[in-house]
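Note that the chains are named A, B and C in the order they appear, and that numbering of residues resets to 1 at the start of each chain.
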Amino acid sequence: MKLDARIPEGPIENKWTKHKAEIRLVNPANKRHIDVIVVGTGLAGASAAASMAEMGYNVKAFCFQDSPRRAHSIAAQGGINAAKNYQNDGDSTYRLFYDTIKGGDYRSREANVYRLAEVSASIIDQCVAQGVPFAREYGGLLDNRSFGGVQVSRTFYAKGQTGQQLLLGAYSALERQIAKGKVKMYARHEMLELVVVEGKARGIIARNLITGELERHSAHAVLLCSGGYGNVFFLSTNAMGSNVTAAWRAHKKGALFANPCFTQIHPTCIPVSGELQSKLTLMSESLRNDGRIWVPAKKEDAEAIRQGKLKPTQLTEEQRDYYLERRYPSFGNLVPRDVASRAAKERCDAGLGVNATGEAVYLDFSAAIERYGKTEANIRGLHSASKEEILKLGKDIVEAKYGNLFQMYEKITDDNPYETPMRIYPAVHYTMGGLWVDYNLMTTIPGCFALGEANFSDHGANRLGASALMQGLADGYFVAPYTVGDYLADEILTGTISTDTDAFVQAEKEAQDRIDHLLNNKGSKTVDHFHKRLGKIMWNECGMERSVEGLTKAIADIQALREEFYKEVRVPGKAETVNPELEKALRVADFIELGELMCRDALERNESCGGHFRAEYQTPEGEALRDDENFTFVSAWEYNGDPSSAKLHKEDLNYQFVEVKTRSYK
Amino acid sequence: MSAKSGVFSSSIVRKVWMSLTGLFLCSFLVVHLLGNLTLLRSDAGAAEAFNAYAHFMTTFPLIKITSYLLYFSILFHAVWGIMLEIKNRKARPVAYAYNNPSANSSWASRKMSLLGTIILVFIATHMYHFWAQMHFGTIPLDASGNKDLYTVVMEFFRHPSFGIPATLLYVVSMAALAFHLHHGFQSAFQTLGVNHRKYTPIIEKVGLVFSIAIPLAFAIIPVYIFLT
Amino acid sequence: MNLTLKIWRQSGPKDKGAMKTYPIQGVEADMSFLEMMDMLNEQLVGKGEEPVVFDHDCREGICGSCSMYINGEAHGPGRGITTCQLHMRSFNDGDTIYIEPWRAKAFPVIKDLMVDRSSFDRVIAAGGYVSVNTSGNTLDANAIPIPKEDADKAFDAATCIGCGACVATCKNSSAMLFVSAKVSQLALLPQGQVEAADRVLNMVHQMDLEGFGSCTNTGACEVECPKGISLENIARMNREFLTAAVSAD
């Protein structure tokens, strides 16, 4: 198989404009006869479904939640990047492009990333027109904040609920098309198979999660907007239902899976508290604008803190190690996520972690509270304000900026972050890898597209903060509606696709067999039991640091776990009803396969880059050591019967517009 | 029915009728109370003043017209309120096995229909005893030639056998009115869309004073008569 | 801690349903309420019984999926939180906890604690949007300055997560807080004003068709709303509605 990314010729600034101008169109009368399936209703899915319907296609949208508004994009907190340069700080399309390429550690495709930066400004315009209430300054214009890995303020936000506001904007656009009858919404439906007819994606098999019925749905194109696969780690910041099944089923039907090992571990999450924990909660990266990250400088102090004999507030400045500021003076606490996460792990591994498990560092706002307090006292003309008064004023400012996040932290941990530093630790947050797509976002199965986190395209080996929302909406609003049309131009004479063909019958049978097997299995262990064990293997061996031994062992362990799963899992209840255990079992079955592929990919990539850190490949200072000569490519895996025999294809990345450099945030 | 043609049967407009009739009834309470306060006078002219007031209220044309509006409002407010309550109850066919509504709302706000029913029963007995007497009964005339309602009132509350229950009925009913007004007054403004950070607290305070002062003043009258 | 759970079990929409008692041991204070439910379900599955079905997804208080009526209150005791943000440290050893689904005609029970809230989606579909097609040629985002105060108020209204606690809590099962939050958000922004009159009429009409009760201003919804959506929004919707109704032709 030859991977052709179909990148348009010409200078990078003109590629997208030229491509749009030359792309084939479907005339409005023909669009009415073309059906499009959209799986997932997050930012990518909802925006794509709404836009395609506005253009005139007949859209069927699917989500497993009870409403399209609940897709996990809703939980994104910090913001969305756009090269608007409203702050006049030197931002530009090129700079956003460059920051994203660099942030991705030179493992993403230039043309796609440039397009992303190019359409970013339109996203903000579109969202404001929809009534998305972004934060504004007193003059009535939009406000911006900074995020990790960049030196401009280009992040638009709506308090700590940016994802929610953007998703509700896309959801309302979607509901408008549902009301018009242009989108038929299938909530509480989960895609279980992709149907491929004569090499083209022609539909899906979906399970109605209420009746349990398997339904056949046909279409001229299938858009997978089903999100990432972070839940392979069991504990992650993903929603409980987030899963890889749609993407994995496409993979098994022939879509190549790219860079599966590129996982983003977010540095600021609330640490794991116990064995029965079901998920991890992110504290927005925006907190790193003002919070300082530290651990005790001495092991004894860390030990005393862990035993509860010492309080963090009792340590003097000299007894603290602000390790990010120390190691990366120019970016400080705002280094990219992969760097910040690894640095936290490094300190904790050195025995300086600060909670009972030894896996936590401090995120401290006391300096910010004092700084803001002083400024506020000056503004109010209180020149002889006491320390208490200053702290009070400072707390008010911090509360106005981050109140909801502080409150969330306190609710979960029962600690007051205004008085004592927050404890944080890295957690799995996002997956850069995903289905391989070409410039048109089409997978290697013609007619099957992947948008948003479900594809691999824009973030390379590490995603910058506030770029996921940007990519989801860029794909859904501004890229796919054009590029899918290019494919559909050949489909105007196809007519309605029958669901009675062998391919549909066969795909439905495959799904039915999986369900029957799971329900009839006379095992004794719950689905979560296996999911937790898989998560542990993945986190230990394919998490923040990977090694040949660890990965080799992990592959064997996962294979054994998979075998045990099919023998020992117990799924109660029936197929013909609401059955959450069955839903989980179907998802975990796919995770156990994916996990192995991730480990294989990590093992194959003999370098460290972005979120992929191989212990064998690091500089003497412990920084990631890339091997550009041998690994400047996208790994794209072809399914071949089982994950162990997956075949690796390479898409070489040719950097023509950016000079490939060692990424430094020092 | 489309949204535009159906506006008058919409849930919001139904509520607006409750709010408008309720506020109108509040204004009536003030007028009614002002007249009744003469019952508290102990001077010689009290009886004649009260009877003159009663005469004026039953004969002056403008008042007569307004009184029909008042009867309608009372009936409408009551019937409409009961209909809304029935409709609202249908919106929850299965009740909670365990509910703790006092955690989030005042007792009065949840019991408006009960309170309203008590008040309706009261109004019926009240009208039977005095309004009907005044309009259709044979009441002796006072010195000025007006019907001597004053004496009817005095004898009613000082009646040896049902003076005590009558007084109690009035006091209890006024308590119900107080709770009804406490929620109803500010609720009426909210329904009409008046909710403002600056003015709503004022409306709430006025409502509180109104809901205590008016029923209290009404309740003092029978107690005072009974005791003197 | 050891607890007694009394949970509503209903095998399907047509089943009558009943409260069932489940003792549970070894609950930890740091667990979230849903993790406690997970623990119960693990035990039930282990015994070969059907686990309790409930909606949940993000478990960080933003998706609006989780929806339990706990000890007589929507999302349980505690303010400004969803069920998933309720922690077991709010309970004491030996407590009995009642767990029921949202109760409303417009939210029929699907199974156990899971209800159908698609009526909310239909209300949004009736007008909870600005009719603007996707286009790379809309006005520049800064072309219309919006006073910060209006933008902030619009945002506050827009933080509604559509969980339905307002309906569950309201003695009339009224959806006014939910509907008014969306009406308010768009009424406060210049982008939403073009369609404001039609929007409020259509959304209220749909709300009534779905079988929600009417508002009697008890204020319970505001207290139980995990996002603290204000009653001001209901008043604003009343204003918007009455103005629209009077001027509608």
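By definition in this document, a contact is a pair of C-beta atoms (placed from the backbone, for glycine too) under 8 Å apart; a residue touches a chain by one contact, two chains touch by 3 or more.
Owing to the predicted nature of the structure, the values given are computational and were not obtained by experimental measurement.
S.K.: Using mean Cα positions as chain centres, tell me which chain lies farthest from chain C.
M.R.: Looking at centroid distances, B is the chain farthest away.
S.K.: What is the identifier of the chain with the smallest separation between its Cα mean and the overall Cα mean?
M.R.: Per-chain C-alpha centroids ranked by distance to the global centroid put C first.
S.K.: How many angstrom lie between the centres of chain B and chain C, each centre taken as the mean Cα position?
M.R.: So the centre of chain B lies 37 Å away from the centre of chain C.
S.K.: Roughly how far is chain A from chain B, centre to centre by C-alpha average, rounded to an integer in Å?
M.R.: About 62 Å, centre to centre.
S.K.: Based only on mean CA positions, could you tell me how far chain A sits from chain C in angstrom?
M.R.: 26
S.K.: Taking each residue of chain C in turn, which ones touch at least two of the other chains?
M.R.: In chain C, 126 touch at least two other chains.
S.K.: Chain A touches which residues of chain C in the complex?
M.R.: Per the touch definition, chain C meets chain A at residues 11-12, 28, 30-32, 34-35, 38-39, 42, 44-46, 48-51, 53, 55-65, 80-81, 85, 87, 89, 110-111, 114, 116-118, 120-121, 124-126, 128-136, 138-142, 145-148, 151-152, 154-155, 158-159, 161-162, 185-186, 189, 191-192.
S.K.: If we count contacts the way the header does, which residues on chain B are in touch with chain C in the complex?
M.R.: 2-4, 6-8, 10-16, 84, 87-101, 103-106, 109-110, 112, 183, 186-187, 190-195, 197
S.K.: Applying the document's contact rule, which stretches of chain A touch chain C when the two form their complex?
M.R.: 47, 50-51, 54, 65-70, 72, 74-75, 84, 86, 119, 122, 124-142, 158-159, 161, 164-165, 168, 171-173, 175-176, 178-179, 185, 187, 210, 237, 239-241, 273-274, 276-279, 281-282, 407-408, 411-412, 414, 477-478, 481, 526, 528, 570, 572-573, 577-578, 580-581
S.K.: So in the complex, the part of chain C that touches chain B is made up of which residues?
M.R.: By the definition above, chain C touches chain B via 6, 8, 17, 19, 69, 71-73, 77, 98, 100, 103-106, 109, 126, 169, 171-174, 198, 201-202, 204-208, 211-220, 223-224, 231-232, 234-242, 244-245, 248.
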